[in-house]
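Shared between the two complexes below is subunit A, which has subunit B as its partner in the first and subunit C in the second.
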Partner chain A sequence: MTEKHGSARYFVLAIMLSLAMTGLAVRLVFLHLGAGEQSRSMSSKTRTYKETLAVPRGRILDGGPSANILAANVGAKDVWADPSVLIASNKVGVVASQVAAVLGLNPTETATLMNQERRRFVYLARYVPDEQADAVARLKLPGIHLSDTTTRSYPQGEMLCHILGFVNHDGVGSWGIEQCMDKYLKGTPGLLESQLDGRRREMLDRRIQEIQPRDGADVVLTIDQNLQYMLEKSIDAAMEKHRAKAASAIIQRVRTGEILAMVNRPGFNPNDFRSATDEQKLNRAIGYVYEPGSTFKVAVIAAALNEGIVTPTTMFNTENGRWLYQKKVLRDYHPYSQLNVADIIKKSSNIGAAKIAIMLGDERLDRYLRGFNIGSRLGIDLPGEEGGILAPASKWSSISSSRIAIGQGVAVTPLQMLGIMCGIANDGIMMRPYVIKEVVSPNGTVLVRHEPQALGRCIRSDTAAVMREILAHVTEPGGTGTKAAVEGFKVAGKTGTAQKPVKGHYSETDYMASFVGFMPADDPEFGMIVVMDEPQPLHTGGIVSAPVFGEVAEQAARYLGLLPPGPAIEDRSAIASQARVTP
Partner chain B sequence: MWKTPTILVGIVLLLLALGIVMLASASSVKGVDAHNDPSYFLKRQMAWLAVALVAGLVTASVDYHKWREYWIPLAVMAAALLVLVLIPHIGYRIGGSRRWLKIGVVSFQPSELAKFAVVIMLSAWTTRVGRRASTFLDGILKPGVMLVVMVGLIFLEPDFGTTLLVAGVGGALLFVAGSPLPYLLGGGTVGLIGFAVAILYDDVRRGRVLAFLMPEKYPAAAYQLHQSMEAFTLGGFWGVGLGESLQKQYFLPEAHTDFILAIIGEELGLVVTCMVIALFAGFLICGLVISLQAPDLFGRLLGTGFTLMTTIQAVINVGVVTGCMPTKGLPLPFISYGGSSLLMSMIAVGVLVNIARQRVVEEDQPKQAVRDKCQWI
Partner chain C sequence: MARRNRKKTQTGLMFPARLALVLMAVAGVSLIYVCVQSRTSALGHEIKKLEAQRDQLREKVIKEQCEWARLQSPANVEKALKEHGLVMTWPSRDQIVRMRADGSIDTLMGPEPRPGGRLARVDRIVMND
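Moving on to the complex of A and B:
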């Protein structure tokens, strides 16, 4: 072997290795710079994650002294499946039937859900109560998982359902307070966007963004759970007794417009809102218009008194219960030959009221009724309010005013009817009704506070005082609303028995029986309306609705610490405050 | 005058420095995870580096002719250790292969010693047979049998990467020594076929090869390779910055050992990965120049053997990391974490430096004088 021969072989080796290294360098250039954009964007997608940090929804509390919880969150479980695991294990059928049996689902539908090959996550059942979730967990099925969640709970069940509303399964408030205060109740969910390492754990030093979650705020209502309970109990009893189809009742604080109780029947259980019908969900107290009947006479007579065209003692010929006007006959329930203005209210004379309305004239009547907020919304802080129906005076016929005077050809909501009464009770100042007292954040900051708000003056204060005196006679012996009387108190009010309009005529069998009033008559604290829809067979407001008023007002007076007026008691406020200290 | 070895040492020091810096970055995640200490691997590697530097200095000052005298005991010891590592309870198993011997707290790979021993063994043998190296018996059969025994033991661990490396370097040494080409090529072909068959019957390796050939069909096995290539892409030209690697966050297994070049590529970019290639190319050139200037045939073969051992290993490692070859499990010399690999690499560098010191530069300079000078430096 020569030296030269040996060297040649070294060069062969050196060149081969150099070529290999050059090749690697070229490969590196391609890897570093070439065609990497697509895979770069793909990897950044799988390596970042975004998490929404759920926050608890705020509670709804009542306005009573103990701030009772009306809506709160309770823990629950979502049951979900990983179809890829189930399909791979070939046990979809068995697993589906087992899970369906425990959760009360349809096995076929469950199996269909589980058979979605491309998916790794599918909900089988959401908001499952703990007992059922535990039962699922005990089955120890592969591919079936549970995750924590919270669900909205309404501990009082059906109570206040129309006011509270409910939260749908996506966590969005969908009715009542839950809907209109959703933005406060839901809070601000937190956001965490970060990068994951190879074991899919978060890399804390590479966090992209973090938004701190803010819990939902509590909504405090003006509603008092105890008053609500009293009212609901009485309404339920009356509904059953008089076989009514539906009912509404409201208690409103006269001086402020705060709603203390609001009941509607039929109702629903917000914990099971899915099975509720639209009929059940309707908040009749604010969203159902009806012809008010005799209760409406109050507005007409208050207007006439305010205009000074009549006094309480002005006599009217009530035509012995039958009066032909503009070729139409108007009847009274009980015929009288003559009645003064006060007695027209007390005895609820249609003919008397109609004659007063005619004296007043269309223009003035229309102006006063709009002053009482008829035909427009009062602006209560609940969704679904209606404004009632009152045609403008220019479109009235020659008999319109005589019919509006007795609450026909005009439609109001119970809230509007109560508004007229409370306006009179409140010295002629209309107050905006409201149910939300305040919104309090979890750290105690008051975010929203509703103050009483005056809508305007409907009548002068001296007219209001006269009206209160007249209305107090209704519950006295000889009046139509004696059953609304409360022992020891002066109760003002008006009965109403309205035939329901059916297909252009007035029904002879279906009535709206109502009573609206306030107490105490001299210094009103609260107003209340009770409307019963189609009570059978007794159907007059004085018999069906007035007793509910009387029963609830009696309890409410005690609960609110009202004292009966009497000459023996000199300093009422002192005693009242004492009474509150030692209940 | 000392130009070539100075450059060689400079290259090695640069690679060592880059290795330590990158190890600090690449091993921190795993260090925290496994040992609750981000510098766990760094500390160990620093300790090994100190040992390796001392060993390199020592071998640089030991006359390389000494190795020739001890080639038989060295080869026998390497073979014995390779046998020992195969015995259960003595050999320490990592990832399905018995590659490690544990002596106290220190673990050692006998195959690293075997790499060293094979180079000395073949160099010494070829020098002894002299001109007969071009014959079949002394140029192919006898050294071939010795090589096959050693390679076979490594193969049994199994450590296919080192098997391929040692066989390749051994073959290259026989090639430059003047072995008859037909026999050499024939023997090499037979060896490769045997190797391929062995791979077919080994699940792990077959999987690696299949994953390399068809990454879409074996996503799990191709994962590491995919993550490695992704690292280079993420790095781009300038890299994402030192310590900023995303791939080391458990995306790339073996980030601090075999696949450390991928992390270098991600953090420091194309500039530094190409620099690494250039440094190994420089190492190859310096090593071959030193070998060709060696005073005798033994020095020339010894130098060539160590040069090839280091550079071929680097080429295989880079080839694997860049997805040009199936996964092997060979560390990148001077850079990857691993004590015995570092130690043996530095000893090889030491031997090369010693050869360089004894080289023939000018005819009038007496050989013995240079040798004496080297004895005590």
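Moving on to the complex of A and C:
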């Protein structure tokens, strides 16, 4: 090979390489500057992805010492099918029967879902537990897929259902605490914008923006799940025994207004809220008004004592159980010729209470009842509270006050009735009831803390002390509420047996049996109301509701570490807090 | 004067040594870049994997907490007691012993404490019904 030939080849190679490099350079220039703009943006769009970072909803915890979980979000799986794949593989029948067997579905209905030729996505089952989802995955069926999701779980089942409420399938709180504290519980979702590689994996070094989600805050309740359980168990037993249609009961801490337990029956399972009826979902303790009957005498007599128009020893002619007033007859359950004010409460005399109300006068009675927050909401931090019904005094008839005195012509919620009793127990100061103790963010910051709040004074402190003494006689021998007595403690309370108004008349067969009281009578710690709707055949508050009070109050006293009265027990409240026990 | 060596005469084009050095440096830097890039990418994938694992563990913790809450609910404890044939009742008042700071003890039904005596502690009363 000559030197001349070698140079020529070198020259040709150089030209070819130069051409190739020029071509590439031109292509690069085009891609970066000119005609490649469109394809560049297309490529960028394909590679860039945005993801909303889901945030776990906060938990709901009880107010007991171990802060038990009452509601939390847990992971689950959605099972879905791609009908086009299933139809193409001609295995709809086989796949449907296998999936249905694992998920407990109807095979025919599952096959119908899968037989939708034009669809590429159809849910077969949502919020499937991990075990079932794993079983489906193990089948390795064509066209069957699983995707991650979360579901709200209520580990205690039906317990506290009316307070907790539930979250709908869109993750929005729709009842109870879930509804009213939704803005704290739901948190703030995050955002992730990044780029994907050729295998559709995120390239971490190409993250465009990442906004961290803020987890939902935990809501801590004042409710104690052990007290709640005691109350629910007793109510369930009483409902079965007395064949009651419905019931509600509340335990409230007298000095603070904290609700320690709240039970309503019928109830529902919030894990399966779709099958619950409106009747089951109703929180009767705060959202159902009823004529309170004799328990309401407490408010009227407290008002009369506060006005000084009667004393506990003032005697009244109780007309041997039958009194004609304004051409209307008023009867007592047990006839007495004469009773003093204390005995009017103890024996629950309608005639005595009516006479006291008449002495008090319409205006003053109306003023006192409104002071007890009758006719207006107490402002509990739960949705659906009713304010009761109390017409203004100007619209009362000549016999209204005599009927209101015995709890007719006025309607209250169980919470309001308990509020009256707790007001008396708390030296005449009404406290706002509340169920939310605090809201705590995931990093431990307290976002909201509810402190006890006084609504106002309903009666003087000395009147309240007298009332506590009078009410303590109700559970003593000879009173109507002896079954609410607790050994070693002085229990104050009042029974109520109210005929239910039906189509403008009072029913002869349907009653509301109730007992409302507090304990210990001389240094009250908690108040409790038990209301049973239409118990049969026994229907008086003293027989149906008072035993529930007695049973629960005894257990609650021990659980809360209350000691029976005795000398030299100096720091009772400190001891009570030390002695708080868990089961 | 030295004679020129004809055998050492250049016949082709010489590749410039400086250019070669530059190219080698560029190649070296590129290689390092590719290595670092692939390492970063691998770490990125690992972080993603760990993030997913963390989320899964977090979910598992919540699930276990829920299960634990269900297991220790009063209803479940009562059911477990029944299954094991354990019948528990509240202690009667005379079974509850109070201990005082001065060492004396008495029951809720017992003798009155000494004047000025303080309670040291209250025995735990187990709720078992």
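Rule of thumb we're sticking to: the second predicted complex is superposed on the first by the 454 of 583 C-alpha atoms of A that agree within 3 Å, B and C clash if a C-alpha of one lies under 4 Å from a C-alpha of the other, contacts with A are read in each partner's own complex, and residues count from 1 in each chain.
The definition used in the following text is that a contact is a pair of C-beta atoms (placed from the backbone, for glycine too) under 8 Å apart; a residue touches a chain by one contact, two chains touch by 3 or more.
Small disclaimer: the values here were computed from a predicted structure and weren't measured.
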First (subunit B), second (subunit C), both or neither touched by A:R47: first
Which superposed partner A:Y10 touches (first subunit B, second subunit C, both, neither): both
Touching partner for A:Q195 - first (subunit B), second (subunit C), both, neither: first
Touching partner for A:A101 - first (subunit B), second (subunit C), both, neither: neither
First, second, both or neither for A:M203, with subunit B first and subunit C second: both
Comparing the two partners subunit B and subunit C, which touches a greater set of residues in subunit A: C
Touching partner for A:V74 - first (subunit B), second (subunit C), both, neither: second
First (subunit B), second (subunit C), both or neither touched by A:L24: first
Residues of subunit A contacting subunit B in one complex and subunit C in the other: 6-7, 10, 197, 203
Of all residues in subunit A, those that touch subunit C in their complex: 3, 6-7, 10, 56, 68-70, 72-75, 150, 153, 155-157, 159, 197, 201-205, 225-226, 229-230, 487-488, 554-555, 558-559, 561, 563-564, 566-571, 575, 578-579, 581-583
Residues of subunit C touching subunit A in the complex: 11-13, 40-41, 43-45, 47-48, 58-60, 62-63, 65-67, 69-70, 72-75, 77, 90, 93, 98, 108, 112-119, 121-122, 124-129
Subunit A - residues contacting subunit B, complex: 1, 5-7, 9-10, 13-14, 17-18, 20-21, 23-25, 27-29, 31-33, 36, 39-40, 43, 47, 195, 197-199, 203
Residue numbers on subunit B that touch subunit A, as the complex places them: 29, 131, 133-134, 172, 175-178, 227, 229-230, 232-237, 246, 249-252, 265, 269-270, 273-274, 277-278, 280-281, 284-285, 288, 291-292, 300, 304, 308, 311-312, 315, 318-319, 322-324
